[in-house]
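Labels run A, B, C and D following the written order; every chain starts at residue 1.
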Amino acid sequence: MDFQPDPTLEAFRETVRAFLRDNLPDDLVQQTIAMVSPRDAIIQWQRILTAQGWGAPYWAKEHGGTGWTVEQQLVFDEECARVGAPTLEGFAHKLLGPVLNQFATPEQWETHVPLIMKGERHWCQGFSEPGSGSDLASLRTRAELRGDRYVVNGQKIWTSLAHRADWIFLLARTNADAKKQAGISFLLIDMKTPGITVRPIISIDGAHHLNEVFFDEVEVPAGNLIGEEGAGWGITKFLLNNEHATTADLPVLKAYLARMKTLASSLKIGNTPLVERADFAVQIARFEAELRAVAMMVQRSAAFHGDQGHYAHALGSMLKLRATDLQQRMTVFLVEMLGDDGALVAPDEGKGLTSEMFFRRAATIYGGSNEVQRGIVAKLMFGF
Amino acid sequence: MDFQPDPTLEAFRETVRAFLRDNLPDDLVQQTIAMVSPRDAIIQWQRILTAQGWGAPYWAKEHGGTGWTVEQQLVFDEECARVGAPTLEGFAHKLLGPVLNQFATPEQWETHVPLIMKGERHWCQGFSEPGSGSDLASLRTRAELRGDRYVVNGQKIWTSLAHRADWIFLLARTNADAKKQAGISFLLIDMKTPGITVRPIISIDGAHHLNEVFFDEVEVPAGNLIGEEGAGWGITKFLLNNEHATTADLPVLKAYLARMKTLASSLKIGNTPLVERADFAVQIARFEAELRAVAMMVQRSAAFHGDQGHYAHALGSMLKLRATDLQQRMTVFLVEMLGDDGALVAPDEGKGLTSEMFFRRAATIYGGSNEVQRGIVAKLMFGF
Amino acid sequence: MDFTLTAEQQMLSDSVARFIQNEYDFETRTRLVAAGDDDAANWRTFAENGWLAVSSPEELGGFGGSPIETAIISEQFGRGLVIEPWLGCAVLATQLLLASGDTAAQAEWMPGLCDGSRRLAVAWSEKEARGVPHVVAVRADGDARLTGRKTLVLGGVGADAYLVTARVDGEIDARGGIGLFLVKAGAQGLQVTPTPLQDGSAVAALTLDAVAARRLAGDGLAALEQALAHAVCALCAELVGGMERAIEISADYLRTRQQFGVTIGSFQSLQHRIADMSAEMELARSMLFAALASLENDDPADRGPVLSGAKALIVSAARSICGQAIQLHGGIGMTEECAIGHYFKRAIVADALFGGRTLHDAICAEALQAELTQAAA
Amino acid sequence: MDFTLTAEQQMLSDSVARFIQNEYDFETRTRLVAAGDDDAANWRTFAENGWLAVSSPEELGGFGGSPIETAIISEQFGRGLVIEPWLGCAVLATQLLLASGDTAAQAEWMPGLCDGSRRLAVAWSEKEARGVPHVVAVRADGDARLTGRKTLVLGGVGADAYLVTARVDGEIDARGGIGLFLVKAGAQGLQVTPTPLQDGSAVAALTLDAVAARRLAGDGLAALEQALAHAVCALCAELVGGMERAIEISADYLRTRQQFGVTIGSFQSLQHRIADMSAEMELARSMLFAALASLENDDPADRGPVLSGAKALIVSAARSICGQAIQLHGGIGMTEECAIGHYFKRAIVADALFGGRTLHDAICAEALQAELTQAAA
């Protein structure tokens, strides 16, 4: 164990900074903190990254990735967030990508990955269903093999960005007789296939991120099955296990803190900036301290990358518990800092912060609700 | 609904104050905040109260009590606590007394109550057993009727003040065949009866409040049974239902706040009294505000006195949840305020506060643990 | 003290509850919000039922009720998430007019306020006030012409006139030198900009450029503080109603939603959660009673920290409880079409009204410091 | 950064863990506490295993380890609730002697500290210091004679000498004018009063009446701040070990204790509780790592708020977790003979050592204010 700064990592940070300075077009820089960038911006930015050889910053070299260490990936994300670079297409890079790298046939890989690297194929994730939230394994969407095609019927819900996705990866039941988890398979489907209907869900921040997706006799080539029939549950566990360091959203938490500091200097009561009041300063300072701990917890969790052991897995769940709680408390306080503007849909200051705050209520629900995470921790750590 | 101050209540407060001024001997005034007074002080004080006609301040006139309203009782408690009057023998006055008034035969009542009024019979409560904490109904102490006597065998635990009690009221199983709650009876036993052994339990504040009590072939006259055989569970529910406004310990909470204010003025960092620092002042002010809410919740709960309806009962449980949590947070902060002295067994300042703080950890365990209370609230309010 | 509603109070509570149930269900409310304005018909109903006059003195056309009657109505409105400007017009503006002691203005305006034919709104907040009523940058010149900007004017859209605080003297945060002025809607130099709130209601920002105004008699700041005390209690009552309803809705959901083959209400962790939420709500309700008692009984000088403590505790409880209510709903709780999220929105907005939690904590702390300094002296 | 213990670190950790398991079980510890003193044999064991010299430089007889090695030992000691004055003597006093830069004193004392034959203790705290090292009322006159009172001297019972901060100039809370002095045990005018702590360990209060002392070279306050930084990290490591062990003990209890016919570990609300406790503990451990990283890498001027933030967060976590651990045990957790309450006691005492949570929050807030003021300038 040591906590020496890694000079190669600091050098890497400089490389990323220099790259961003030279290659991030001004018109791509976004002002909002955490929201997903517009599709065009994502495509343009993906092309720039790919041209640099950084088209897959989270993957191993053997899969066409940069081969960066997890620490390097965190530095990359942090520096990108700091200057407001567009987001990457996260479903492809962080969720589906690792699945394809691990489970896809060479043909499947060749079909999808190059398009991801060009930024031309955007994805969404079809897991949740109206009756299957925390109890994901109870899902009921069916995929029936008829000849060389699966015919999919059913409904997905809370499908983020389905309305702008080209393809969906989803879980469907291919064997109605098998026990819950055993009959589930992992399929890739072109969203333009006849029989797919996307219906928007407006969330409490007033925006359209979420959707219902209906499948009515949707025909899918059998070659779009990833892994074996019935292997979907194992693939899903692999995928969700990669997710925790991401759900911490560390770069976003850091952006929240930076925003608090800016607001503390610029906003006033009468002539007094908020920061000069001990009551505001102590609250921001506490967030700063807690964030420092969460950041270190992210590093610790990331250092387990690939380890599927109990402790590594539980630590990911614990990180999710603490980081999402912090996200919610920080955004509520940010809105509180805005004063009168915090009540407004279109404030003079702090535009986007209330949306951000409302949206973060979902952080303790998605990616396995925090109640589910507590159950996982109790089971993995203590056998309950 | 109205919140007008009640002039008769304020007049009553003046009466109590005047009485305390004239009748509380200086040598009975105690300095500690909440601890039970020495036995001698209790006896002496009880005699003074009885001489005044205030020997049973919580009971109806028909039972020899003062017939005070619940509001008057709260005023009486508050004024006594404010000047450091000795505690009453709470088991007799608040728990057993109402049971005797409701369920005892005239002979039983005549046997015990006059001695309570003289201060000469002190009680303890034998409910908990080693295997029966939250699951009280699983108790195993047996009372077997042999002729005109019950023979009691078994063990009680967490028996507060058993080492100085004259008698014990306890629950024992009189019918091994009946279902859990149905076979339980309520017995009064003289602690001098052969076969009773009291063994001290030292609690984490280093003090001896608690005991184990062992019963080995203890013979108890059958006339010491309260109510019918098997009626013990109903009596217990009646008794516990009276307990919540007491577990809030409002006078003690008020004493904590007063102590915080004193310490905030007297303790310093360098030359600066703590109260001049916004960081200390805001924490005390928050406690003061929360205490104001709890005090009103006590009044609301007290106003339901006698009502055995769902909401009244649930409100008592909710009060217990909030008041005990506040007791713990206030005492931890009091110790924090002491600085270096907070670490010491025998501090220069704040003697008794650390004991108080350690002792308060039990507040969320006794009287039905807070987990049990949450279950009660969920069941009574929502049918879960 | 008596915690039981009198027969009249019970009738009042029942009649408002009936209105919410029959004429203000969540779908109806959603349509009102989408239309971007409150409903004139509803305001007429409020007036016809006497709700707008409930806590005004009888000699001015009211029913002579106390803040308790206002709280009873507010609590039910909180359960229904009513977006009409009850708080801004019927409570804050009416109480300010009454507190001002300007009998001419009262004679002119009170009948219309009580019968719902006219509305007054209060323009007191500013960007840098953040809940402190004596932080006032808007200036009044010697001819009572006002210049500056006011924010978060509750009920400010469609009001017939505005009660405006303006500085006649002193620095931005001086306690002295503040007057209360009446500005007619449509006055030259007055610009009223509707600014929708997160919770679906509409308030206004006012830009004033040498707007002609009439100064009201009396101490403007003292009158405003008195009116704000009433408004804080009404808002707290509204939030208590909102929390209570959010808990009821969540309990219903726990009873029906199935996961893992059982209703999720059978999970102990969720049972205990909703029990804790209920306990927190009942503590908040107790705090509301303490605030009402203080409003009725205490000197204005003494009740400041009581009301600040109530505002801080009740808004914090509302944010916490309504946030957890979303969590108990899972994904569906995150949607605009589900009622539960809107209770959370109202709790968030409530923090911004009349000063946030941090300010009110600070007011309590300063009062404590003053008390102990005085005791030591 | 590397979170994996090296082979040497693993051996060190294992050897301390073995000592706790074999020679320091809870019953043994209880006997030590009852005897009212720590065990000289244990101190010899610490010395023989090299633990007392682990983070001292090799040229002074140490093993040249970093604060990480100190933290590894502290964590295991925290699991075992060790009452020997490890923190006061082996960490705080040794680091203060090293930081002082007084090579003569180092040459005289380091060998004895490393081989356990002698002990130094640090007398820096005073009634009105409350964790602020530059609040010093004890005075040194021109002949280096010290007068005043020091509190909470960790390892002060049985120490061979004391490192004492005293004021040579200035007001009680002036940053300048503080010297570091060496006072021999038994010196005339020195009164050492053992003062037992809540957690069973024994510290001392020192009363000094014109006690002869030798002033050490160097900036006494800077050296003390450096040593306190080490001590805070060691205390934090100890608390992380304590929390971890308290959670393990609680989990064992949940697995065995029966109520309602089942083990209480089958209740979801308790499962979720212990999961939350674990998450809070792992966050505290992460914070410890951040503190150690800052101690290793940052300028003394920069690490103040990092260490203060760590002290505040980790002590708060320890109080919360160990308090809940008592709750999970029910009545038995309230007894002196059950180990679990003693973890809570240590967490309570830990808040009083080196300044409480409120002070450290304030230090962080002041640093933030300085940072933002500087950025604005």
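Here is the rule we use: a residue touches a chain if its C-beta (ideal position, glycine included) is under 8 Å from a C-beta of that chain, and two chains touch if they have at least 3 such contacts.
Being a predicted model, the structure only gives us computed values, none of them experimental.
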Joint neighbours of subunit D and subunit A, given as chain labels: B, C
Farthest chain (mean CA position) relative to subunit A: B
Distance between chain centroids, defined by C-alpha means - subunit A, subunit B (Å): 53
Whole-Å gap separating subunit A and subunit C, where each centre is the average of the chain's CA atoms: 39
Where subunit A touches two or more other chains, by residue: 278-279, 282, 371, 374
Residues of subunit D touching at least two other chains: 267-269, 271-272, 361-362, 365
Residue ranges of subunit B touching subunit D (in the complex, touch as defined): 128, 131-135, 138, 157-158, 201-204, 206, 210, 267-271, 277, 279-280, 283, 328, 332, 335-336, 338-346, 348, 354, 357-358, 361-362, 364-366, 369-371, 374
Subunit C-touching residues of subunit D, taken from the complex the two chains share: 267-269, 271-272
Complex contacts: residues of subunit D adjacent to subunit B: 125, 127-132, 135, 151-152, 171-173, 195-199, 203, 258-261, 267, 269-270, 319, 323, 326-327, 330-331, 333-337, 341-342, 344-345, 348-349, 351-353, 356-359, 361-362, 365
Complex contacts: residues of subunit C adjacent to subunit B: 1-6, 9, 66, 68, 251, 254-255, 265-266, 268, 271-272, 274-276, 278-280, 282-284, 286-287, 289-290, 292-293, 296-297, 305-306, 308-310, 312-313, 361-362, 364-369, 371-373, 375-376
Residues of subunit A defined as touching subunit B within the complex: 278-279, 282
